[in-house]
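Shared between the two complexes below is subunit A, which has subunit B as its partner in the first and subunit C in the second.
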Partner chain A sequence: MLEFTLKRLGLGVLVILIISVITFILSHVAIDPALGLSGDSATAEDIEAIRQRYGFDRPLMLQYFDYMGRLLQGDLGQSYLSGRPVSELLAERFPDTALLAVLSIGFAMIVAIPLGVIAALKPNTLVDRAALFIAVCGQAIPNFWAGLLLILLFGIYLQWLPISGSTSFVHFIMPAIALGSYAMPALMRLVRAGMVEVLRSDYIRTARAMGVRRRTILFKYGLRNAILPVISLIAVQFGFMLGGSIVIESIFAINGIGYLAWQSMSRADMPVIQAIVLIISMIYVVLTLAADLLNSLMDPRIRINR
Partner chain B sequence: MTLLSVKNLRVNLRTDAGRLRAVRGVDISVERGQTLCLVGESGCGKSMAALAMLGLLPPSAEWSADEMKLDGVSLLNAGQSTLSNIRGNRVSMIFQEPMTALNPTFTIRDQLCGVYRRHKGGNRAQARERAIYLLERVGISNARNRLDQYPHELSGGLRQRVLIAMALMCEPELIICDEPTTALDVTTQAQILVLLAELREELGMGMIFITHDLGVVSRIGDHINVMYAGRVVESGTRDAVLGCASHPYTQGLLRSVPRPGVNGLQSRLGTIPGTVPSFYQADPLCPFRGRCERKLPICASQAPPVRSGAGHHSALCHNTEISSIAGNSA
Partner chain C sequence: MSDIPLSGQTEAEHLRTLRKKARRRAVLAHRGLIFGLTVVLLVAFVAVFAPLLAPYDPFAQNLSLRLAPPFWHDTASPEHLLGTDQLGRDYLSRLIYGARISMGIGFGAILISGLIGCTLGLLAGYFGGKVDAVISTIITVRLSMPIILIALAVVAVAGASLKIVIAVIGLLLWDQFAVVTRTATLQVRSLEYIRSAQAIGCSLSHILIREILPNIRAPVIVVATVELAHAILLEAALSFLGLGVQAPLPSWGLMLSEAKTFMFFSPWIITLPGVCLFILTLAINLLGDGLRDVTARGK
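== the complex of A and B ==
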């Protein structure tokens, strides 16, 4: 188990290293960093001066090691736009995005798991169809459209919820529903498929033949086995949400990572983009590792070195 | 009193092709301390008949019976909760596939003790003692340590033993074994058979043993129901049915059993040509008529009569005499 974890961690570090190389090359080769730093009104001499001062004229290898050295000390560089440290910007924006992500994935799970179970219990009936319909709607309605509909209904027509900002918890309800309902259908389908398969399995028949109660069969025996593949999907979706949703954050005026990414991309603020990409990939690595560990905790068959 | 008595059991399965009549009027009767074998080719409805008795039929199935009594008490109108209280407690069932029949995410202890505490209550320690006792009894060495293992850590033979132990946790009166040895290698098969026979003897249970292997039947059966296309075509004591087979189908089955031939070689003395028909309509005629060597003209127009002889030996056929003698069938 420990060996497995270490191996996976090593692999994760490797992935992050590779990504750091790629983002570094993109930010130093695709776009001239001196150009980015100097601003629009700079003359050719200004740019050259900056290039020398920041060492952009040195070999790329050296620059990369410099960059990594600073990275290890927590220095993510400075924003071209605001001139503020990138780490400060991220720390400022991350809490809102994280709260939104937690609420969104929570909403998706709360809807998807019961719906998937119910659909699996009555396959090909009206209940199943209804669940599928909800799922298809969730997937077919684009994020921004769902967001606008919610704003119209709950924000403007019923006036139950605030339509923009991120100052209080209630501000996050609508964006979480909008973002979560997009993640929900895939989850629901996976729960349903897993549950249908598990309920057909031999060991459930054994449990029934032994008189195990229906409740126990469904929620203890059934769900535990059916949820295994779902965990990995939840991890991926959660990682996706932690990267920030540009669309949802813009619609609801939440000042999160997604919004920051969008701002930076539209102005070619490379250090910020670079940092965001790196952090998102780190989050992915950590989350998939966590999902694998959780999986192996719940499924003894994939436990290694017990 | 007869432990389990079932009369005129019928099971239909809704399929795309229509209602498949999987079991078409089967009588089953098991006494305490005795083994009834259900024998027949694949698809003749053995499993469906057994599942119907426990209320375990798939959702696509519908069933009916004129009588279904466990120890004199009718189960015909029993609800799922009554049946669920009986299953694993008074009547247990073990299946063909030991590799997949145990829950992969729970330990042996969880699964065995869960059954015990479901029916008998009691505390963890009692359930654990019982589990250890039974694991040892079914021939698992090192039972204490096995308790915390997961199914995937055990071989097929061991898993089947665990399943037998699970089925016995609550000391059932009746155990239904649906081809419990088919998926195992020959040596393990023989060991499990001996074990089951011993346990039945020791615990005084009734047993229904489903198989298509007449060799197995001759070793553990007291009574035999030979099934064909959803019907019992011949039934009687083991010696009567195997010694004086009267139905052409039983005779054909017996001819197809491999036995030591000349030069000590195993020789298959012919199989019955053709396959088991499926019925989507009511059909009272003899289901074997398409493959029968002794078919008479009447077989195509009239339902076969029940021919009975001494000791409950009977066969469903126009062209047979029950030849077993009373002394043979005791």
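== the complex of A and C ==
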């Protein structure tokens, strides 16, 4: 177990290092950082002065190590636009995005797990087909369009929900549905496939033959075993949501990381973009690592196979 | 007597035709696959022949006839079947040209990503060991990066144009190609026909491209459909955020973005491009699912 953990941990660190190099190239090589810092009205001398003061004229390797050194101390640099520390901006915006992602994955699970289980219990019936139909449609609806349709329906016609902002819990309902509906189909399919396989297995047949209660079979023996791969997928989808929330946040004007990223993109505020990409990648790496470890704890076969 | 194949076919050939027939029957019986294929071909046709099919110039503005509703409204303008947009441009023509952008970007992007992904997957699966370890790490890195954020960042730096959008999407969506090709290659690399190709001294490129690739094409084609849908949605999302295809080009995502300020009074204006995107994506996904079913059954 220890060896497996260390191996996965090492891979995670390596991946984050590589991504940090990529984001560094994006923000220091693909675009001139001195130009970004100086603003539009700067003269050539101003830009040169900034280049020297911030050390942008030094070799790239040195600049990268410098950047990583500051990163390890929690210093993510300064926003070109507001001049504020990036870490402060992120800390301010992070709660909204995290809440949105949690609610979205929650919505996806609430729909996907029961639907997947029911579909698996009655394969090839009307229920199963309906579930599959929902999954296929859910996968094809662009989530920004779903967001706009929700605004039209619940915001304008029915006037049940507020259409923009992030000041209260109610504001998150529509965004969470729009974002969660994208993760739902994959989850549902996996739950269904897992349940179908588990219900076919010998130990379920034995439990049935022994007269164990149906509910116990379903939840204690069935779902618990079918849910293993679902945990990994939830971790992966959660990471996607943090990245994908940019579209939803921009539609519903939710003051989260995605909205910040979008505002920074349109004005090439590279330190902010760089930090957001890095943080979201790190969260993704940590989540998949946690899911792998959890899986291998619950299913010892995984440890041996690798 | 009926067992003896007609027209001098050998038994192997006869079996092959039988299998082909069975495959064709399976394809025709698969409703999702037929629906998906029909719609995809239809959209491709519309995309190719857009200049002939579009009733108007998609860029021609008519400021005196803005936001004319489509035909099912009482106040519809008889000249514009699906109405006009906020600048008085014919909506049907723009939607037709939009198919061109979606399909063009989609196919362009998966050509790039297919090439990258299959190359990496073939090499990783065939050589294994250190090569596999390095390529697997590259795949993990790619999977850990938030696609849409990276795409937006690159477009923000490099500038938004059709070519850049295709390149960025193509350079990002190769991961599934690589994963699937790698697994499939692992499965066939120690089979006899590969061994014999190695034994008679075939070159590496010959073995990879002529021997392995044709035998793993089924899963690769399935991935290609999934990624085609993915690429089309990604382009729409980028354009929707204003960092993809630029105005006045009629991308469905961009049309949604331009129209969203008017949706409160003219809801149809966001419905139409969305429906186009939805149906095309749905069709491609159904086609992919169908192909997966049919090829899996054939084995």
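In the analysis below, the second predicted complex is superposed on the first by the 297 of 306 C-alpha atoms of A that agree within 3 Å, B and C clash if a C-alpha of one lies under 4 Å from a C-alpha of the other, contacts with A are read in each partner's own complex, and residues count from 1 in each chain.
Keep this in mind: contacts are C-beta pairs under 8 Å (C-beta built on N, C-alpha and C of every residue); 3 or more make two chains touch, one makes a residue touch a chain.
Treat the numbers as computed from the prediction; the structure is a model and nothing was measured.
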Simultaneous placement of subunit C and subunit B on subunit A, clash or fit: fit
Subunit A: partner with more touched residues, subunit B or subunit C: C
Contacts of A:261 with subunit B and subunit C, given as first, second, both or neither: second
Partner chain in contact with A:209 - subunit B first, subunit C second, else both or neither: first
Once both complexes are placed on the shared chain, angle at subunit A toward subunit B and subunit C, C-alpha, multiple of 10 degrees: 80
Subunit B versus subunit C as contact partner of A:276, first or second or both or neither: second
Partner chain in contact with A:145 - subunit B first, subunit C second, else both or neither: second
Partner chain in contact with A:161 - subunit B first, subunit C second, else both or neither: neither
Partner chain in contact with A:11 - subunit B first, subunit C second, else both or neither: second
Subunit B versus subunit C as contact partner of A:224, first or second or both or neither: first
Shortest span in Å between Cα atoms of subunit B and of subunit C, once chain A is used as the common reference: 14
Intersection of the subunit A residues that touch subunit B with those that touch subunit C: none
Of subunit C, residues touching subunit A in the complex: 137, 140-141, 144-150, 152-158, 229, 233, 236-237, 240-243, 253, 256, 260, 263-264, 267, 270-271, 274, 277-279, 281-282, 285-286, 289
In the complex, subunit A residues that touch subunit B: 201-203, 205-214, 216, 221, 224-225, 298-301
Footprint of subunit A on subunit B - complex, ascending: 54, 56, 80, 84-89, 92-95, 97, 100-106, 114-115, 118-119, 150, 152, 163, 166-167
Interfacial residue positions of subunit A with respect to subunit C in the complex: 11, 14-16, 18-19, 22, 26, 30-31, 136-137, 139-142, 144-145, 148-149, 151-152, 156, 239-240, 242-244, 246-247, 250-251, 261-262, 265-266, 268, 270, 273, 276-277, 280-281, 284-285, 288
